[in-house]
Structures are given as structure tokens and as C-alpha cells.
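For clarity, chains are labelled A, B, C, D, E and F in written order, and residue numbers in each chain start from 1.
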Amino acid sequence: MIQILFLFSLLVLSEAAVQDFCVGDLTGPESPAGYSCKKSDKVTVDDFVYSGLKMAGNTTNIISAAVTPAFSTQFPGLNGLGISMARLDLAPNGVIPMHTHPGASEVLVVVQGAILAGFVSSANDVYVKKLNKGDIMVFPQGLLHFQINARGIPSIAFVSFSSPLPGLQILDFALFANNLPSKLVEKTTFLDDATVKALKGVLGGTG
Amino acid sequence: MIQILFLFSLLVLSEAAVQDFCVGDLTGPESPAGYSCKKSDKVTVDDFVYSGLKMAGNTTNIISAAVTPAFSTQFPGLNGLGISMARLDLAPNGVIPMHTHPGASEVLVVVQGAILAGFVSSANDVYVKKLNKGDIMVFPQGLLHFQINARGIPSIAFVSFSSPLPGLQILDFALFANNLPSKLVEKTTFLDDATVKALKGVLGGTG
Amino acid sequence: MIQILFLFSLLVLSEAAVQDFCVGDLTGPESPAGYSCKKSDKVTVDDFVYSGLKMAGNTTNIISAAVTPAFSTQFPGLNGLGISMARLDLAPNGVIPMHTHPGASEVLVVVQGAILAGFVSSANDVYVKKLNKGDIMVFPQGLLHFQINARGIPSIAFVSFSSPLPGLQILDFALFANNLPSKLVEKTTFLDDATVKALKGVLGGTG
Amino acid sequence: MIQILFLFSLLVLSEAAVQDFCVGDLTGPESPAGYSCKKSDKVTVDDFVYSGLKMAGNTTNIISAAVTPAFSTQFPGLNGLGISMARLDLAPNGVIPMHTHPGASEVLVVVQGAILAGFVSSANDVYVKKLNKGDIMVFPQGLLHFQINARGIPSIAFVSFSSPLPGLQILDFALFANNLPSKLVEKTTFLDDATVKALKGVLGGTG
Amino acid sequence: MIQILFLFSLLVLSEAAVQDFCVGDLTGPESPAGYSCKKSDKVTVDDFVYSGLKMAGNTTNIISAAVTPAFSTQFPGLNGLGISMARLDLAPNGVIPMHTHPGASEVLVVVQGAILAGFVSSANDVYVKKLNKGDIMVFPQGLLHFQINARGIPSIAFVSFSSPLPGLQILDFALFANNLPSKLVEKTTFLDDATVKALKGVLGGTG
Amino acid sequence: MIQILFLFSLLVLSEAAVQDFCVGDLTGPESPAGYSCKKSDKVTVDDFVYSGLKMAGNTTNIISAAVTPAFSTQFPGLNGLGISMARLDLAPNGVIPMHTHPGASEVLVVVQGAILAGFVSSANDVYVKKLNKGDIMVFPQGLLHFQINARGIPSIAFVSFSSPLPGLQILDFALFANNLPSKLVEKTTFLDDATVKALKGVLGGTG
């Protein structure tokens, strides 16, 4: 009996360094593969659990909607594991505007209400569908897509991504919420000056 | 105006073959990367939407629970996109027994009730937590884990995987629901003959 | 001497099936990893050479520019090799409008003239620079970017991608050159009805 | 002659930072892709050679067997290279009990004696075979498998993995050699209380 | 009891298509990810076992050595699993000449005799070591390396690769055993005409 | 209006850590996935632009040619992005001698003059072609290849790689420009002593 315990401790020790997971240490150096790993003897079950999606996001805003991310930045237990989540809250008139995730595909499941969702492919084909509670839809990596409340009640969805850090590029923010000169926006989108300046005004852009 | 349309049609045509997605054709040859792609001119929005998780799974069984998969086999729109889902239904005494997903990490979100969930690492460390509605938990790839109803009401969770075909190896099925000879089970698990034979009886195993 | 030749033929034969490359057979089944492989005994050097980027693209159009792709669809020798190219031609007022490549990063080298190029990050930061002949610039995967002729002469660049099928989603085409209903465009972009309808008119969109 | 040496030194210098390999520095920060790289000017041939598999593991224990790993933790030269090894020693009654490698496929070659080996698939199919000296067998990623001495002499195998840190989760250790409460083990495995407590006793588990 | 069996059969059926493995069907279409998958109901344990490395390769040849591959072409069970093997036999004067594996790193274990092995890095640094029985050495992906018998007895090693189809480019065969014109060999290697022609003569090259 | 700005700032802040890119910090720890990331608030557009390929390399040397790399070591903006470039300059008699890139496929575009280029496969098949201005050619990963000026004027090409750090192993340097003992070179290449010593003399090798 002593012998087996002895062997087992050896085995267990030798395996103690095995990298089953790499809970992100946001204070350490980052690599192209993600955050540095927290020392494994400091890791507890709380590193693998996240409660930040429990509460509705604040939808008292112009889009009447909120995206609450649980990416590896918010939930470091996901670091290196190829997956992440977010919660979508859409008030009755809520819209998640056109956006992309540069580095991930997305699956959405409706858990309350109904959502009209769609994406556009590289071939410019349009895929739009009204999703009811329990329906799921997949949005292939990097393509423009959107979600709109499709029933007069608050709607909620959980979305999952094929990356712990999928990115989120909201089209209107990318074009109108920064210092990208109006002239460049106009030249590269065919929008007219008045439209660009109006939206820059609304979204806080300059230039 | 004619000119731009001409250029654009050229561009659009040349891009028509771009592989933004590869909806699975389950009748074609399979490769290590997944199913063959359905011809893109046959693809419609319905290939990207799945309603099979809408209804509760049947929990009138010994585990009082059900796993309903939306892997690329059931939902071919996921093929090649690095992600999939499943729905867990746990009746008041429901248990998803010890299992692994050989090729994927998993994120779980509780949408009704409460669930006690846990996993064991390669270093044999135990990570267990009671999850309430809205809590999420991640289970790193390939490790043994389980979910148990933690409140006296039907509980529901959606789980996502970092692969379109994550696999599902339920420990008791792998050991006791096939023709793996009892002697081999005993030798490789240290369980005694009576226990192995009893479980083989319950789970339909032979040998 | 006979002996070595004998051994060598054996070795060479056994290796003949090795998959150094997988020239695309566009008539065979596609997988998420790309096209089927052409039989290796039919492969010749011409499968690895492409002359389609030799000539300037036709820039007599509204953007005064042309993108000529050499993706695995046009140049099947690239299939499975993780890389592809394209040629950009920009007449004096030429613009490659805002676009993304959903599945690849891009490197651009200017070989004639000068180009003002830029991209916007997920954090909405803007990175813009005038590139002269011989300068190179990298555009990280999936982010909105553009190129504009920055000198009064025809400018040319070669761009390379980290995928044999990088995709190309031109923003204006995705929004205005298809049957995505105007109402959905407006709701998801904050553009007004007149702007959307005008651009749909120019770009051939309906709805 | 001077000129060529000059050019060559330039080339060699510019290439000196090329990352052909990344010998693990176990004292530096870890990333999801593995250990930090040892400075290349400190790397010697001894970083690429490991002698820890030379000697038989100690099999004087209850399983009459030993697993000696040469993973990147023991042999840092493997870091980042997608491969690792281990040595299996099985005394006449030796058994490597049911286990998985969460992140890797395995190939085994018998170099002495004979071994009965097997694995169970996600579909619960059983694949078992007696392997003689020189036979090789592959165990697909993440699936439960085992090895048993199949001849009355000490048997030896070398196993290789498709990852530098494949992990090793031994079923009985995961269930019975830690503080996972007996009740949870019972609920999630259908084993009875006496069996669980007996095995916890043998394997040093608590709870 | 009926109920559980009912649920279980459903589960098992739904999982039957899960892609734990993809045994190669060498008659089907190939993709960049490997061979097509054999239908899973035709797969038996013999697909996962290979006996072709049991016997010594024939070393009665000019290099007094033999490489016997167990790549996915010879052993289709490896297809898609990221690993393969080969056996090296070196007669007393045996040499495995300078070669590379274009798509894989390699680990070698000596099981009989002794071997002098080495590789050269991109920085032109040389890493050479005499390996005795039980020693292992890793050769990073794509670099030139060699193995030489280092003891006056037949020596044997098993080598594993981080790919099911690692490729094998033997330097002398690539230069002298084909129709690459002597002039091109000379221009690109700095070897003189007499040397090139002599080696072409020995190795069966033309041109 | 205040509200939307408030929501937007929250969103923007939460996204600020998103890893769209990982500009290399060459002073930080390296991982198998590349260099550490420069802090994102220090990143400017100049990190994504490189001018080092603007000028011709110095071809006044024995090969009458120069390779100027823009790998992540020279151009850290490429770190983690799966792509890199280099410039080839070939004086009228210029030759880029036989070489491999251990970790990447390559695409070449001729922008001035003409180049005779070729590679040899694992099956020892030869693929050679004269490329004129505008032609492109792909060299699959890890295979021996070369480029020779094919017209009596200085020729220039840009090459792209499917990795930010593709490596570059020049055959003659690997064999003759280091301290690999002549005897080992001879045994592993079948070259005679005089040839080896002469080339070692030219290329600065010892031993």
C-alpha cells in the first residue's frame, strides 16, 4: 500500500505542471496565443466561473441594447481554450448594429423573446431569419451581421465564439466614433459629407 | 454606371466561390477537417438556423436528464466553423454523469434552475461549484466533468464547444454499455466483479 | 550499385504518396480545409505558376480601381498552403473601398506610385499611412481597411494573405448591392432612408 | 571572397533570431502555446537530448507498472514542437489503468514482451488487440484507453504524443485519489458507497 | 429500466457519427487535411494496429541502412491524428543521409546499438550527439538532419513525427536522383560539374 | 445622447484589450507562438509599416544576389499574424542558392526582369519554370527550391510566407559554413573530401 502511494505521488507530482488550462494573468506578458498563465497553485474553481452575464446590460441608450462580453479579458479562465461568450439584451426596439468579430465564428441561442438576425457573405448573399426562443443560429467568422428585437418584449440571447478573444468591430463605431478624417470615410464608403458629419456628431467622432 | 456594374459583377463572380462557410453535406466524403461542403448555390438561411434545442429533452429515465446535441451532424451549418452547442435538461434529481469531450473545451450557461458542476484536472485537482441562473463555467478540453441539478426544479443549461464535433464519452457507457470484457474493466479500473457485472446489467453491456 | 537503386526505388515509391501539396481540383468535393487534391501524377509545374496578375485590372469604373485575385479558386496550386495573393490597380483617383478579409491577415507592397492605406481596430483606433514604392504594410485579420491612390499616377500594389481563400467583403456591396431590405440596413447602420436608397440605386441593390 | 563573407554574415545575423525551436525556460512566464523560450545563445545540443527514458520505471507497486514521461516539462527541448514521448514498463502482471490524454493522440510501439491494449470510442465501440514486439497502435485523442502486460515477462513500450504536453488523466486517480466528495462520485458514476469508499481508501482520497 | 435503455440508445445513436477518428480511405478524394474517412461501420481494431515496423528493413545497400515508414499512407489509422512513426535500421556502417521532413518535427528513441545524430539550424548552428540505447532526441521541423551508426553492431531506432504525413526529402535524392539539369544543380549548390555528374550516375539522375 | 455616449464608452473600454494584433516586443519573453506583445497604448501606425524592402540589397558578392527579410524580427507588426515578406535582388548572374523555409510556404511575384525558379518535392519530382514580370509561383512548405536570374538585367521579386518567422536554411551554409566536421558532411552527403574542404574554405566553415 505504501508502494502504490509512493508511485502515485511521483506520478501526480510529475503531472502537476501539465497544462490542462492556462488561466489568464492579465498583468503578465501577452503572446499571440493569449495571456500569460496564472501559477497553477493559485488557480481555484472561481477562475473557471463567471457571474458577469447574470444581470441584464443597461439598454437605456440609443440602440436600446447592450452587449456584455465574457471574453478572456473579463473571464481569464477562458484564456487558451478556444471559446468565449457574451450576453445580448435587446429592449423592445433594441438593435445590435452591423458588426463583425474579426477572429471568430459565433453561435447565438435565444433565451427570451424573439430576434431577427442576419449576416452577409463575401459573395454579398443575405441570410436573415426570425429566431424564436430556443432557436440557434451560426454566424461564420468575420462576416457582417446584426440582431434586432423581433417581438415587443425585452429579448435576451447568449452568444458563443470560437475564440477566447473574438474581437468586436461595430461598423458605425469604426467609421464614425474616432478621428478617421471625414474625407477618408466619404472616399471609402461613398457616403456624402453631410451623412458622415451627422453620424460623427452622434457617435463622438472627430475629423 | 454601366461600368461600375460591370466591374462589380466581375468582382462578385470571382468571389462567388469564396469559402466563408462549408455547410456539411452528410452524404459526401468526410475528411479529417469535417464533412464535405454543400454546393454554395443550394445553401439557404435555413442551413444556418437550428430549432432542435427548442424543446426539452426527455428526462423520464434513470438519470432524470437529457443531453440534446447541436453538433455538425445534427446542424451541418456548423461544419468547419470551430463551434457547436447542446442543451442540458435536468429534472429535479437529474445528473449528467461523468464524461469527457475528447476534442473540445466547453462553456455552460445556466438558463433555469441551478446546477452543481465540476471537473477534475490531470493533476487530479477538483473544481466544483454551484451555478445559479446566468452563471457560466468553463470545462477545459478532454477533462472528466459532470453536472447535477442543484435545486428542486427542472434546470436547463446551454453548453457551447470549441469544435463542431466535440465528441461525448460518458464514463459509465464507455465502461459498462458495450462488449468490453468484464475482466478487462476490472483490471483497468480496480472495480470488483460484482460491481462491474451489476452496472453492465443496468446499462446493457455484455461480456 | 544495383542494390542502392533497389532500395532507393522502394523509398521513392513509398514516398510518392506524400502530401507535400494538394493542388486544388475544383470539380471534386470541397472540405472545410479546401478543395480536393488533383491526382499527383497529373500535377505539373504549371499548377504552381499563375500569370493572371501580369496585366493591369480594368480601372475604367466608378472606383477607378481593380482588385485581381489569385486565390486558390483562380490559382489552385495554393490550395492548402496557407497563402494567396492579389494585385491592386489604382488609377489616379482610384479607391479600394472599405472592406475586410474575413479569414486572413494581409501584407501589401507598393510597386508603383503611392498609396494611402489604413485600417481600424476593434478598439476603433485608426492606423493610416501614406506608402511609397517599396513600402509594405500589414492589415491584421478581419479588420476594416482601405487603399487610396496617393499620387497622381497609376499605382500598383501586390497584396498577400495568410490563407489560400481569404474572402473579400466590400462594405458597400455587403450593404447596398443585394436584396437586404433598406429598412434593415437603416436600422443596423443608422443611415437614413434616402442615403440607403441612393446607394442601392448606384450599386444595383433591391429591397 | 571578403564580399561573400560580408554578405553571409549579414544574412546569418539577420537569421539568428529565427525561431526554429523554442527550448522551454521553465522559470519564465507560460503562455497557452507553452513555456517561454530559453535565449537561443544558451541553447546547446543537450537541450535536444533526454536520457530519462533509459532506465526502467519502478514497477514495485500495486499496478506493477510505471509511466515515465518525457513531456516538455521534463524535456524542455520539445516545447512548441508538437510532439512528446513516454516509456511504459509493465511487470508480468502490470496494468496501465484506464486513462486519457486530454490534448493529444498517442502512438505506441512495443519493444519488449507483449501488451494487450485497447480504447473505447465516443460511440462506445471497443477496440482491443494484443500487440507483440514491433507492433504499433494508435489511440485517438482524448479517448479512454489502457495497456496490460500480455506475456509473463516484463514488457516495455515507447509511446509518442501529438503534443509536447499531452496531459494524463488516470480514471481511478481522478475519481478516488482526491477530495471529490464520495457522494458526488456515486451520483456521477452509479458506483455504490462501499465501492467508492474502498477505492478512496486504497488511493488516498478523502471526502 | 426500459426507459434508461431507450434514452441511452438515442444518445448512442446520435453520437454514432462523432468523428473521434478518420481512418484513411486511400481510394477516396484527398483534402489538404488528409485522406477521406473510411465509413465508421467498416472500421475495426485492425485499422488502428500496424505490424509493418516489426521486421528490420533491408540494409544490404550502399547506405547500409533502411527507413521503414508508418505514415498515414501505410497506416491509414493515423489519418487526421497529427502523429506517425518510422523505423530506422542501421547496419554497422549505416547512414541515414542528410534529409528533412518538410511538415513535421521528429523524436527519435534508440532501441538497439548507438547512433550519432545531428541537425543544423536556420542560423547554421550544429547540434550533434551520440545517442545510446534509451536516449531520445528531437529534431525541429523542416531542418536538415542525419543519423549514423555509432557502434559496430546493427542499431535500431523508432522515430515519431508531429504529422501523419511528415514527408521525407533526402538531400542527395533531391539533387541527384531526378532530371534536375546538372547545370542548375551546379549553379544552386556551388558543386562542380564532375561531382554532380558522378553523383547523378550513382543515384540514377539524368540531365 | 449622453446615454449613448456613455454606453459606447463602456463598450469601447471593455474592448480596448481585444487582441486584434500583437506587435512584437523583441525585449520581452518569447513563446512558441512568437514574441511578446507590445503594450497596445504604445502601438502606432508605424508598427504596421516597414520600409526596409525599399532599397535593393547589396548584390556585390559571390552569388550576385541578396535576400532582404521582413520577418517579424525585422518588422514586429507581423508577429502572430501568420504572414511575412522578403525582397530578392538578383544581379545579371545572380542566384539564390538551394534553400528551404522550415516553417512556411512561399509565394513569389516578379516585379522586374525574369527569374528561373524551381523546387523539388518529397517524391523527388522537379518543378522548374521561367517567370516573367508579373508571374507568380508558389513553393510548398519545407521543400528545397532556388531562384536564378533569367534575363541579363537586374531582376527583383517580392516573396511572401505563410508564417511571420518562416526560417531560411541555405543548403550550402548549413553544410559548409559552420563547424560540422568534414567527415560527417561527407558521410551524410556522399560528397568527397576535396569538395567538402574546398566549399568549407569558400564559405568560412571549419572542421
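In this section, a contact is a pair of C-beta atoms (placed from the backbone, for glycine too) under 8 Å apart; a residue touches a chain by one contact, two chains touch by 3 or more.
Since this is a predicted model, take the numbers as computed values, not measurements.
Shared contact partners of subunit B and subunit C, listed by label, are A, E. Separation of subunit A from subunit F in touch steps, taking the shortest path, is 1. Repeated interface: B-C and one of D-F, E-F or B-D share more than half of their contact pairs by residue number, and that pair is D-F. Averaging Cα atoms per chain gives one point for each, and the point farthest from that of subunit E is the centre of A. Farthest from subunit C in terms of Cα centroid separation is D. Separating the centre of subunit C from that of subunit F, both taken as means of CA atoms, is a distance of 21 Å. For this pair, subunit A with subunit E, the centres built from the Cα atoms lie 42 Å apart. Once the centre of each chain is set as its mean CA position, subunit A and subunit D turn out to be 35 Å apart. With centres taken as mean Cα positions, subunit C sits 26 Å from subunit A. Annotation for subunit A: residues 12, 15, 18, 20, 29, 31-34, 102-103, 118, 121-122, 124, 128, 140-143, 167-168, 173, 177, 202 touch two or more other chains. Under the stated contact rule, the graph of chain-to-chain touches falls outside the line, ring, star and complete shapes. Pairwise, the chains that make contact are A-B, A-C, A-D, A-F, B-C, B-D, B-E, C-E, C-F, D-E, D-F, E-F.
By the touch criterion given at the top, residues 26, 29-34, 58, 60-63, 66-67, 69, 71, 73-74, 102-103, 165, 167-168, 170, 173, 177, 202-204 of subunit F touch subunit D in their complex. Taken in their complex, subunit A has these residues touching subunit C: 95, 97-98, 100-103, 116, 118, 120-122, 124-126, 128, 140-144, 146, 148, 167-169, 171-175, 177-180, 184, 187-192, 195, 199, 202.
Subunit C makes touch with subunit F in their complex at residues 12, 15-16, 18, 20-21, 40, 44-46, 48-51, 53-55, 70, 75, 77-78, 81-85, 104-107, 109, 111, 118-119, 121-124, 127-129, 131-143, 158, 160-162. Subunit B contributes residues 1, 3-8, 11-12, 14-15, 17-20, 22, 25, 28-29, 31-37, 79-81 to its touches with subunit C in the complex.
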